[in-house]
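The structure is given below, and queries will be raised subsequently.
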Amino acid sequence: MAGNTFGTMFKVTTFGESHGLALGAIVDGCPPGLELTEADLQRDLDLRKPGTSKHTTQRREPDEVEILSGVFEGKTTGTPIGLLIRNTDQRSKDYGNIKDTFRPAHADYVYDQKFGFRDYRGGGRSSARETAMRVAAGAIAKKWLKQRYGIEIQGFLSQLGPIKLDVKDLSQVYENAFFSPDPDAIPELETYMTNLRREGDSVGAKITVVAKNVMPGLGEPVFDRLDADIAKAMMGINAVKGVEIGDGFDVIEQKGTQHRDEMTPEGFLSNHAGGVVGGLSSGQDIVVHMALKPTSSITVPGKSINRQGESIDVITKGRHDPCVGIRATPIAEAMLALTLIDHLLRHRGQNADVTCETPIIKGQA
Amino acid sequence: MAGNTFGTMFKVTTFGESHGLALGAIVDGCPPGLELTEADLQRDLDLRKPGTSKHTTQRREPDEVEILSGVFEGKTTGTPIGLLIRNTDQRSKDYGNIKDTFRPAHADYVYDQKFGFRDYRGGGRSSARETAMRVAAGAIAKKWLKQRYGIEIQGFLSQLGPIKLDVKDLSQVYENAFFSPDPDAIPELETYMTNLRREGDSVGAKITVVAKNVMPGLGEPVFDRLDADIAKAMMGINAVKGVEIGDGFDVIEQKGTQHRDEMTPEGFLSNHAGGVVGGLSSGQDIVVHMALKPTSSITVPGKSINRQGESIDVITKGRHDPCVGIRATPIAEAMLALTLIDHLLRHRGQNADVTCETPIIKGQA
Amino acid sequence: MAGNTFGTMFKVTTFGESHGLALGAIVDGCPPGLELTEADLQRDLDLRKPGTSKHTTQRREPDEVEILSGVFEGKTTGTPIGLLIRNTDQRSKDYGNIKDTFRPAHADYVYDQKFGFRDYRGGGRSSARETAMRVAAGAIAKKWLKQRYGIEIQGFLSQLGPIKLDVKDLSQVYENAFFSPDPDAIPELETYMTNLRREGDSVGAKITVVAKNVMPGLGEPVFDRLDADIAKAMMGINAVKGVEIGDGFDVIEQKGTQHRDEMTPEGFLSNHAGGVVGGLSSGQDIVVHMALKPTSSITVPGKSINRQGESIDVITKGRHDPCVGIRATPIAEAMLALTLIDHLLRHRGQNADVTCETPIIKGQA
Amino acid sequence: MAGNTFGTMFKVTTFGESHGLALGAIVDGCPPGLELTEADLQRDLDLRKPGTSKHTTQRREPDEVEILSGVFEGKTTGTPIGLLIRNTDQRSKDYGNIKDTFRPAHADYVYDQKFGFRDYRGGGRSSARETAMRVAAGAIAKKWLKQRYGIEIQGFLSQLGPIKLDVKDLSQVYENAFFSPDPDAIPELETYMTNLRREGDSVGAKITVVAKNVMPGLGEPVFDRLDADIAKAMMGINAVKGVEIGDGFDVIEQKGTQHRDEMTPEGFLSNHAGGVVGGLSSGQDIVVHMALKPTSSITVPGKSINRQGESIDVITKGRHDPCVGIRATPIAEAMLALTLIDHLLRHRGQNADVTCETPIIKGQA
C-alpha cells in the first residue's frame, strides 16, 4: 500500500528525491478561509534549510516554495493545496561511486531489497531533504491551529550528544543555529561540533516539542489514540529511534502515587502524563521527546558490502550535517501540528465553520 | 474518524467495554488456507488472562473465544473472521460511586470531555480488557507469520520498577507469572509486588519484544515506515508512555562510528538499529522496548474533582493489577505481529499464494 | 486490502457466512448520545427478513439482532457498536452437491479463483444474507439522520420484470410484500411471480431510493463525490448491475436547456440532477435508481463446469427468491443512509455536538 | 475527510484549478521497474486535450506534462511520481461576471454552500480540466497493466444525443475527433454538433469502456467489490449520471435463464454479466457503460439566482464543449485502468516482483 501520505482529514502526500527535479506535496483537507501566502511557509522552511550555519550541510538551496493551487484571493478554498520546491544545487556526481555500494546505517541496502534498485543520488527518497515538504505542510497546520484555537507548538534541542540543555529562554530557540533553549550553552555546543567535524564523526541528539492550549478530549480511545499517532509521526522522522510522551521511560521506576496527575478545580497539579491520558488530550501541555541517531554519513571508514555481496570499505563524502538532530526541530514541530490538526478535524469536521446547514435556496422542485 | 481499526491489509477492528455483554473483533484480510481453531487463540489469551496469579487483577473470567466466521473445514477462507468473548464476571456495582468522579490518571475526565458522558463501569472502553481482542487477533497473525515465513515473535518483561531483568533463558518467559526472562529474579519480583500491594501503590515496567527472521525491505520510506507503524502500535497499548527501536534513547550520546551497524558478507556486525533502517526492515532482529506507567487504580487517596468541577478525594477500589506492565507482554507480541503481517501483505499481496493468475476457464464468450 | 468495511467516519465492518454460526458487524463512529435499542434495528431487519411471503425464500429465521457494546443506559457512547445475529435455520446438506460445481451467474467460480477454495454452503460469504448486517447498521444511521437533521430515506420497487410501478402511495410501501408504491398493482405482481415460480425461472427488478431534507454542500469535489460514493454503495449490493442518479441514462438524449435545473428564490424548478451537482448535494431530493439482475438460483438446468474443468449440467435447488430485487429495498435504503451519514460526519465532525471545546478544568499544571 | 485521492495501493491524488497556476498529481504505489517517460503520458493527454477540433472547447493549451520524481534512469523507482502541467491559456476575466452568480447545473451554488466561497474562474476545482491529471496517472496504470499482464483498455463513444453508434472498427476510435467506433457515422455526428452549436445548446452522450485479459478473481466480496469500485470511479467523472456493468438496466426485464452466462470447458457462452460476478472479475471482458449529461455551459439564457438570493437570468459565455461526453473517453479509460491496477496490487502486492524474500545478506549480528 502506498505509504507517502500522512493524516486522514488533513492529508499530506509528498514526492521528490534529494537530487531529482523537485520536491512537492499536496495538502488535502485544509479548511477554507485561512489567509495563506508563500511567506507563511517560508519562515519554517528557512529554519530547516541547509547551509545556514557551518554546523549543518553545506548544500545551499533557496528552498523557495510555490503554492500552485488551493488559494484564491489570498485565502484557502478548501480544495487541495499544491506545493513545489525546485531542486537547484544537486551535485549528483558526488554520488556515482556509491551506486553499487551499501553504506552502513544508510537505507541503501534496504531500498535495494525492497525496490530491486534505487535512485542512489544523495539518498534519493530516503534523504532528509524530503522533510522540507513536511515543514511546509506543517506551517499551514500551525497557522490554522494558532488562528482558530490559539494552539501553539514549540520545539527545541534538549540534548546534543552528552550536552543536556536547560530550558532557559524559549524565545531564543529560533535565534541560534542549534535551536537551543539555553543561549549560554552555545559556545559549548560550537566547540563540541567543531571537534566532531574534525574527527569526521557524528553524534545523536534529543529534541523536545510542546503543544500548548490543546482542548481536552482530542484523540480516539483504542488504536487511533492521540499519543499513538504522535508516536507514529515522530518515529517517522528520519533518524528518530525513540519517542516519549510526558515522563516517557522515567515512568518505569515511578510509583502510582508519584505518576498520577492530581486534579483540582484550579487545574492539574502536575503533568507527568505529558498531556495525553487514555489516548485523549487532557488539556495540559502535550510534551513529546524524541531521540535521533548520529548522522550515518561520516568520513571515518567503515566495513560494508557491495551489491555483489563482496566486502568493501566505505567512506561517505558529500555535504552532511554531523548532527542531523539539530535541524529536526522544525520537522518535529511540523509533525506535531499535522497530528493535532488531523484529530481536531476528526472532532469538529472539515467545514464546520461554513454554513451549508443554512441553505440559500430553501425550496425544492 | 472512527478509530477502532488497526492495519490496512490485515485489518483488526475491535468492540466491547469492560463491563458490557461481550468483547469482539473482526479480522479482515487474513490470507486463505491457514489452519485455525479456537485453541490457536486461546493459548495467548490465557497468557494475558486476569486472575492467573495473585500479582494481577483478581477478576476471574475464562475468556473463552469463539470463532464465528471466516473458517471452513478447519481453514481460513480469506473472508472476515468474527471473534467473540462473552463477559461473565462483571461486578459493575463496584463502580457506581465513580459515576460522577474523575479518577486521576484515568481516562474518566477526557472521555467525558470527548463524548459528553461515559460508560463508567470498569473504565468502559478505556479498560485494558479490550486488549484481549488484540491478543486473539495477534495470535492469528503470529501463526501465519511463523508457518509461512518462519517469523517468530517473543516478548518479555525487562524491568519492573527498579528491578532490571537479564535475558537468561527466554524459554522460561511463559512459565512464570511475570514473563521474566530471568527465572532467578522471581523471588525478588514477588517480594517487591507483595510490598507494593501492601502500600496500596503501583509501579511502572519496561517490556521488550523481538521479531526474528523478518526479511529485509518491509516497510515504506516516508510516512508509513515500519518503525513508525511499530511506534504507533506500541504507544497505542494502554499505559505505554515511551517506545524505542534498537538502542532507542541511548543513541543520543552515541557517535556515528559507534552506532552504525557495519556489514560483512557473513552478516551485520551489530544491531544498534534494532532491525529497521530508513523505515524498512534490515533482516536483523527487530527489537522494540516500551515503558508502561504505573497502574492508575490505587487505594492511596488522591486529589481530584467531580463532574461539577468540585474538589474531592478519590480512592480507587475494584480488582486491579498493581503493575499493568506485567500482563502487557502478550499484548506487545500481538501488536508487533499485527504490524508485521500488515506490511508483509502490502509487499506480497493478500492472495499471492492463490492461483487466480491461472484461470480454470480459458476462453471468453 | 481487506474489503469488508464501508465508510470512513461512520465505518461499518461486517462478517459472517450464510451457513456459518452467525452474522455480525461493528459500527464504529456513531456519534454519542443517540437513544438506541435493538427494536430500532429490528423493524428494518424484519422488512428484509426471508420467509415473510411466498414470493421470497422460504428460509425462516427470526434474525434477532443483539447489541453487544457501544450503548450505555439506552444511549450510544461514541464507542464501537457490536452487532450479532446467530444463524439458526441453516440446511447446509442441501449444498453438499455443489461443492465441486460452479453454478452459472453465481460467485462459485470467481471465489475459487480468488481464494483457492470456498465455503460452498448457501453461497458462504457471497450470500445476500450478509446484507442483514448492512440493514442493521443502516437503521442506526437512519435514526440519527432523522433525529438530528430531519433527513428521511424511502425506497420502493419501481419495476419488476416488465411491470412498471407508479408512485401512487408511498405510505403503502412497507405494507405489502413487494415494497410496491402502487397498491393497485399487487394482484398483477402476484400473478407474475406465481407463473415465474411455476417455470422455475427468475426475473430482474428496478429499485428507487430517495433521501429528503439533505442540506446542500455535502460531498467532495473530485474523487469522493457524493454521487460517486452512492454509486459504489449501490453497485456493491448483491445483483445490482446499474446505478442512476436523477435522470440517469435519460440524460444521453437530453439537451442542456432541458436538463439544467433552473433556480428561483423560491427553489429549483426541476430536479433532473437528482439532488447532486458537481459531486455535492444540492439540497433537493437525492434520487437513486438501480437495476438488479434475476436471481441466479433457478431450477431450469444450465450448462456449466466443475472444478476439474469438465462439462456438467446444473440445477440449483434450495430456498431462493425468484426475484432478489424485491427484498433489496431496505438494503438500498440502508446503503444510502450509510453514505449520507458518512459525508455528514466528514462535514461536521464526529463529536461536534459535544463540548470538548469548553473544558471543565481550566488550569494547567 | 480529504477527498482528492483515488485508490489504496495505487493512489492518485490531484490538485489544481482550471485557472490556477498549474495542475498536478502524485501517483503513489507504482511498482518499481516500469520504463516510463513523459511521452507515455502525453499520448493520452493529447487525446483529452481541448482545442483539437471545433467540436470541443477552443481553449488551447499544450498540456505538457512534466515528471518531477519517482523515475530514475528511465524506470519507476517505486517512490511517488510527481506530475505537473502548467496552465498557460487562462482567460480569467471572462469569468468575472459570474462571481456572484449561480449558473444552473453548475457546481457554483453547491461549492458556495460547502466552502463559503469559491474560485469562480472557469469553474475552479469543479472544471473538467482537473481530469487531465487522471488521464496522466491512468496512462501509467495502462502501461503497467499491458506490459505485466497483457490487460488492454479501450473506450469509445457509443451514443451522442439521439445518434447510436455501432462498434464497426475499434482501431478508428482514436483517429476521429468523436472517439466513434463507427467511422461512417462521423458526417452525421458533425452535422448534429454544428446545429447544436448554432442553437447555443448542448447534449448528453454515452461512453463505453472495455478491459480485456483481466484474470478471474480480482475484487473483494462485499463492500470493495470490483464493480462497486468501477461504479465509484465512473460516477466520479464530471457529468456522469449513470453507470452500467454488462447488461446494466436491461437486466430488469431479463429472466434468469436468459441472463446467466453458461460455462463450458471452452469458455463462457455469453457475457451478460460484463465480466464481474459476485464483486469479482470473471476473466471475461469487463464492459462498462456510462451516461453523461449535456454540458451545463450554454448560451441560451436560463433562470437563476445570485449570492444574495435574488432572481437573475444567466448566459454562460466562455469556451466550452457542446458535448462534454466526447472528451470523456480517455478519462473513462484512465479511471478503469486505475481501478484495475489497484485491485491487482491488492491481490499480488506492491513489490511481489522484487526479491526482498531472498536477502543479499544472510547472517545476523
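We just call them A, B, C and D in the order they show up, numbering each chain from 1.
Everything below uses one rule, namely that a residue touches a chain if its C-beta (ideal position, glycine included) is under 8 Å from a C-beta of that chain, and two chains touch if they have at least 3 such contacts.
Only a predicted model underlies this, so the values are computations on that prediction, with no experimental measurement involved.
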Pair exhibiting more inter-chain C-beta contacts, A-C or A-D: A-D
Chain whose average C-alpha position is farthest from chain A's own: C
Geometric centre distance via CA averages, chain B-chain A, whole Å: 27
Averaged-CA centre spacing for the pair chain C and chain A, given as whole angstrom: 44
Distance between chain centroids, defined by C-alpha means - chain A, chain D (Å): 36
Per-residue multi-chain contacts in chain B, two or more chains: 1-5, 8-9, 14, 79, 109, 113-115, 125, 215-218, 221, 261, 263-265, 269, 283, 305, 309, 346-347, 350-351, 354, 356, 359, 361
Contact set on chain B toward chain A in their complex: 1-6, 8-9, 14, 102, 104-107, 109-111, 113-115, 125-126, 130, 159, 161-162, 201-206, 215-225, 227-236, 238, 240-265, 269, 272-274, 277-283, 291-296, 298, 300, 302-305, 309-311, 322, 346-347
Residue ranges of chain A in contact with chain D within the complex: 1-5, 7-11, 13-17, 20-24, 26, 28-29, 32-33, 66, 68-70, 72, 75, 77-82, 84, 109, 112-119, 121, 124-125, 305, 307, 309, 350-351, 353-356, 359-361
Touching residues on chain C, where the partner in the complex is chain A: 1, 8-9, 79, 215-218, 221, 261, 263-271, 283-285, 345-352, 354, 356-357, 359-365
